């Protein structure tokens, strides 16, 4: 609770609270320098899109953000706390404020949809107090993605688009303040992609979250983004709104929008 | 030459990583929180689902061993020694090893493939993000489940194997149930049954450990999953024989048989 | 949720059954070792325990009643063996019981046999030391048997010689035997001979039956060799055989003397021609002896081929060869 109060105090001071702040992030695998001093700021209520070619280090960056990978150097602040310096319990506390939508959905295929959604509640109960019945929470999350009827199905019985929605519902169940989307439209047909993008916008309004979206899908970026960062060779190459970047004269920037 | 050194090097690296993995298991098994419910679930899927396999294997071991030994013993007029001979060889060696091997074939590959595909599809990462320690939830529970279930399965399999042996003796010779098992228990000593049971705990641990290790450190892609499942079986079977050798060696020293 | 509780139930069932089997196995093994019965301890002193070990079975009249608890060297020739006996047996074992050490079949473990005493002594009590005797080993027994066999073979050849000489020297014999006194002597000797040969024959039959028994018995001839009564029987038969062979020897010496007497020829009459009945008798008894020894040989041969004794006889042969080489 202290932490939340602290955030509210900060909110009072500046109009825009920094939800995420990455400074000079570096990560390399052997001789392959994936991230070379990457910087990022995500403000409250903002939709930030990061675009980059595959292999440009987007996924590595997002994994560093939630502590799945340790960066070589640089600082990552999530709601004011440097996650590289947190212990396990504190890290888990911070993670309750972050929803993560994985590229491949990462639904647990040995569990039903319901169990999948209940899974984050197992350890993060403290956020809601000690709840006995998880059904209202599960139903609420499923309804917000429009799939309340699938509760007792197995993930393998669902289509790709539905799986994506379930994964989103799972990311939302803890009512996080930040949602990280890792390639939300990859592997989906254009129509389903559009549906998912619509859903993302709706969720954004309903849950009042800040979103960081990693994608190489221009259509997705156009609809969702309020601000964009182009990631080239592990650093921020360009920054601006979609319109600004789309009209850029720079050859490398142009290449993204072809 | 370079190839050989490389092979040795990678073997030592593998063993080293496995040891680290085992060390991590022991660190995490005693720290909170305990995933008790998941442990029960794993015990069920590892134990109960293997009963049929172990039962059939055990029964056939009993039948075959008795059928094969009978002519030789008959030649020496020592058929009455059959129960003692069969029971000692089943309880001490054949039962634990063969049942552990079939168990490894089923469980190590299953765990390797399951954890491997969970790794590849980022399910393990998803657990981590959901605030659940995936090592505790997936690895610790599975290793504990195999460690606890294999001894019970071996006891089960041994009992069924002896029953199979009794059936052959009853059909070919004329031995009653009571006489057969009287002879069996007369031949057996605590020094047969206790070390044999203790070593099955280690067998179960090895099977779970190698299966989880291979799955948890799976390479990307479908090929990686297949490789993880395959090498889990090979590596754990090999480890079983090494452990068996050590177990027999140690038993020999302590019981001076 | 329902599915999970059913799974848990099945798991519990499986674990409990497994544990129950394991505990039952432990219990039964323990029971075989008399671990759960009330026991009392007695002991016996031996000169040689033939490799008896702690935990070997103790049998009373063939029933398992306990185990060997401890084996201690008391002095340079006495070994004290402590026996743990099931308390239920206390009223059956008397103070005059005798402990022996035997083996459970030729290849089996060593065991302690307690044989009931003849008299009606007091029941045994805690800490008693009972009588013991060290029974002859299988090896010794077979040695004796072999010597007897060699003796018998020697006798047969000698008898054959005599018969031949009698057969050849019909005239001489007829001529020589004239004295009634000598004739009476010869008759008596021959009767003795007949008697002895008959006895030998009986003994053979006994031995034969016994050997048949060995063959018949499924177990590894175990019963014969560890049951004291049986072993005593064998011993008895062998000593009988020896006495009878000694008797035969005596008779033959007598016969030889008589024949020498006759050969030297003082007042010999043609007794033999006068009494054809008697001549026939001589011939028959000689035949009997011959047959008896033949049977004995056959028995020995059978014994040699019995696989259990094969090793023993091979060893003997080797020793003989070695002796010959020297």
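When the chains are written out, they are named A, B and C in that same order, and each has its own residue count from 1.
In the analysis below, a contact is a pair of C-beta atoms (placed from the backbone, for glycine too) under 8 Å apart; a residue touches a chain by one contact, two chains touch by 3 or more.
Each chain and its UniProt protein: B = ABC transporter permease; C = VpsC protein.
Source: prediction; values computed, not measured.
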Target subunit C (VpsC protein), source subunit A, minimum contact steps: 2
Chain closest to the middle, measuring from C-alpha centroids that were averaged per chain: B
Pair with more cross-chain C-beta pairs in contact, given A-B and B-C: B-C
Distance-maximising chain from subunit C (VpsC protein) - centres being C-alpha averages: A
Euclidean distance of C-alpha centroids - subunit A vs subunit C (VpsC protein), Å: 95
Distance between chain centroids, defined by C-alpha means - subunit A, subunit B (ABC transporter permease) (Å): 43
Intercentroid distance (Cα basis), subunit C (VpsC protein) paired with subunit B (ABC transporter permease), Å: 52
Subunit C (VpsC protein) residues within the subunit B (ABC transporter permease) interface of the complex: 4, 7-8, 10-11, 14-15, 17-19, 21-22, 25-26, 28-32, 55, 107, 218-220, 307
Subunit A - residues contacting subunit B (ABC transporter permease), complex: 63, 66-68, 88, 92, 95-96, 98, 100, 102-110, 119-120, 122-124
Subunit B (ABC transporter permease) to subunit C (VpsC protein) touching residues, read off their complex: 40-41, 43-44, 47-48, 51, 76-80, 151-153, 155-156, 159, 181, 185-186, 188-190, 193, 197
Sites on subunit B (ABC transporter permease) touched by subunit A in the complex: 33, 114, 117-118, 121-123, 125-133
